[in-house]
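In the two assemblies presented below, subunit A is common to both, partnered first by subunit B and then by subunit C.
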Partner chain A sequence: MFSVASFLLENTLENSLVPAAKFLEDIDKVVEEHGGISTVFQALEQLYTRYKILDSSLSRQKRSFQDKIPDLTNALQVIRWLRSLEEREQREPIETTFELADNIYSTALVKNPQVVYLWLGANVMVEYSFEEAEYLLKENLDGARDKIQQLEKDLAFLREQMTTTEVNISRVYTAQLKKQASNVASF
Partner chain B sequence: MERQIPISELTKDQLQILYDRMEQELEHLRNSLRTLNMAVSRLQRSLHCLDSLSNKSEGSQVMVPLTSSLYVPGSLKDTKSVLVDIGTGYYVKSSLEKAEDYLKRRLSSVKKEVEKLQQLLSTKQEQHEYVSVALREKLVQTTS
Partner chain C sequence: MTTAFSNYEVTAEDQQRINYFSRLVTQKVDLVEERKKLKQEKEKLEDAQLELELLDEDTEVHRRIGECYVLVKQSQAVQFLNTEKESLESKLQETEDKLEKIKVEMDELKKILYGKFGSAINLEEEDEDS
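Presenting the complex of A and B:
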C-alpha cells in the first residue's frame, strides 16, 4: 500500500485505504533512532506527498459518483411515470419531442412500451422490463450514495492524518533550527 | 500589440516576462481553437443526423431517449420537419431543408473563425519563437 517509513505510521488498521500517521512525541529520539534530521524530514515529506495523491484520487472518485446521481434520479422518475401509465390503463400513444442531434429535435410516437433500453456505458445497451430497469436504477442510485458516504468518511480521516504529518514536519523543522542555532552558539 | 522597442534592447528578465506572458496567450488561443473545433464537429454530426432522418419514413422504429441513459421504443412521427434550437430558449419548427441550410450557415461561419484563429495562432507562435531565441542569446551573453 504505502511503501513509506513505517516508523511514521501507527500499526492499527483503522482505515483500509488510509494508513494512520503516528504523532511523533519525542522528535529527538526519533531523529536519533532513524538516521538523522534530514532522513526523517524526507520520510515525512514523502508520506505527505502520498497523502496528497490519495486525497485527489478519492476526491475525484467522489465527484464522479456525485455526477451520476442526478442522471439516475431522473431516469428512475421517468420509469416510475411510465409504469403509472401502464397501471392507469393509458392506451393512447404518447407524442414526445426528443433530441435528434445537438440543436435538432424531432417528434416520435411512443405507444405502450413494454420494455426500456438502458445505456450502461462502454457501448453497451440492454433491454429491460420496467421492473428490472427500476430495480437496477435504484440499486445503482443507492450504491452511489453509499460510496459517496464511505468516501467522505475516508477523506475526513485522511485529512486528519495529513494534519498530523504537517505538525510532525514543522516540529522536525523547528528541531533542525534549534540544532543549527546551538551549533552556531558553540563556536 | 506592436512592440516598438527592438527585442535585442530588453534585459534578460524583461525577456523572460515577455516569454512567459506569450506562453500564456498561446495556451489561451489553443484552448479557444479546441472549443471551436469541437463546435465544428458537433455541427457536422447534426447535419449527418438530419441527412439520415430524411431517409426514414414516418412510422419507422426508433429508440427514443427519455433521459441521457434511458430509451424507449417508439416510431417516428414527423420526418418532414424538425425543431431547431436557435439559442436563448427559442426553438423554430422548420423543414428539413431549412434546418440543413441553417446548420450549413452556422458551420461555415465557425469554420471562418477557426481559420482566423489559426492564422493568429501561427503569427503569435512565430513571435514567441523570436523572443525565445533572443532570450537564449541574452542568457549565453551574461554567462560568458
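Presenting the complex of A and C:
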C-alpha cells in the first residue's frame, strides 16, 4: 500500500499497520535528491492522502466495536440479575415488562428461569446456562474492549504520522517560498 | 510574512513535541466527550432518585434491566440507584483527573512551542469548553 515515496518513510517496524513518516531534517537536500520541489510535494500529498484513508478505515472499525458494547452490557446486566435471583433463592414468578416491538411493551411472568437463549447471529439461537452465558458475554465484551484499545493505539500513532507529514508539507512549502524570494532578491 | 516564517528552523525534537501535543488534543476531545456522557447519565440518575423519594417504601416501580423492565420495591430501587451513582461518580472523577493531567502537559508544551515559534504556530483549539 505504501510502495511509493519510500524516502518519506522511516525504515522501522514500530507499528506493523501504519508506516512511520520520516521527519525531513534537511529539506533542501531532500528536494535536490528526489527530483525537485514539485515531485517531493506531490509525494507528500500522496502519502498524506493514504494516511487519511487509513484513518477513516480505522475510525470506522473502532466505531463498529463501540456500537457492540451497549448490547453486550445490557445482556450481561440481565444475566447477572437472573443469577442474583437464583442466589437469593427467589422462586416465585417475576413480573417483567418487555419490549414486544418498537415502543410496544407487554408484561410477562417468568417462572423460575434456569436457562437463557443467546442470539448468535445468522438466525441461530442457542440455549445456555446462566454461568455459560455470562462467561461468553463477558469474553465478547472484553474482546471488544481490547480491540478498541488496540485501534486507539494505532490511531494515535497514525495521527502522529499525519502531523509529521503536515509539518513536512508546510516546511517544503516554506522552502519553496524562500527560494522564490531569494531569486527575486538576486535580480 | 513569508520571510518571518522562514526564519524558524523546525528540528526533529520540535516535531516530536508537536506530535505529542496533537496526541494530547485527541485524547482531550475523547475525554471531554466521555465526561459529557457521564454527566448526562448522572443527571438522569439524580432525577430518578428525586422521583423515587416521593414514593412510599412499599410501592412497586419498574426498574430497567437491560432492555426490559422489572417490578421492584421502592427500597430496592433506591439501593440500586445509589450503587449506580457511586460507580458513575468514581468514573467521572477518573475522567476529570485525566483531563487535568492532560491540561498541565498541554500548557507546558504550549509554553515551549510558543516560546520558539511565536505567532508562526497555532496551538489553540476551536472551541474552549473545558
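Everything below uses one rule, namely that the second predicted complex is superposed on the first by the 175 of 187 C-alpha atoms of A that agree within 3 Å, B and C clash if a C-alpha of one lies under 4 Å from a C-alpha of the other, contacts with A are read in each partner's own complex, and residues count from 1 in each chain.
To be clear about the criterion, a contact is a pair of C-beta atoms (placed from the backbone, for glycine too) under 8 Å apart; a residue touches a chain by one contact, two chains touch by 3 or more.
What you are looking at is a predicted structure, and each value in this text was computed from that prediction instead of being measured.
Using the contact criterion defined above for the overlaid structures, shared-chain residue A:K178 touches subunit C, although it does not reach subunit B. Once the two complexes are laid over each other on the shared chain, residue contacts for A:I53 go to neither subunit B nor subunit C.
When the two complexes are overlaid on their common chain A, residue A:S106 makes contact with subunit B while staying clear of subunit C. Looking at the shared chain after the overlay, A:W119 reaches subunit B, while subunit C stays out of its contact range.
With both structures placed on the common chain, the touch criterion links A:T97 to subunit B and to subunit C. Legend: residue contacts after superposition of the two complexes on their common chain; A:V167 is shown touching subunit C, with no touch to subunit B. On subunit A, the surface patch touched by subunit B in one complex and by subunit C in the other comprises residues 74-75, 78, 95-99, 105. Per the touch definition, subunit C reaches subunit A in the complex via residues 2-3, 5-6, 10, 12, 15, 18-19, 22-23, 26-27, 62, 65-71. Across the complex, subunit B meets subunit A through its residues 42-43, 45-46, 48-50, 53, 62-79, 82-86, 91, 99, 103.
For subunit A in complex with subunit C, the residues that touch the partner chain are 23, 25, 74-75, 77-78, 81, 94-99, 105, 155-156, 159-160, 163-164, 167, 171, 174-175, 177-178, 181. Interface residues of subunit A, counted against subunit B in their complex, comprise 71, 74-75, 78-79, 82, 95-111, 113, 115-120, 125, 133.
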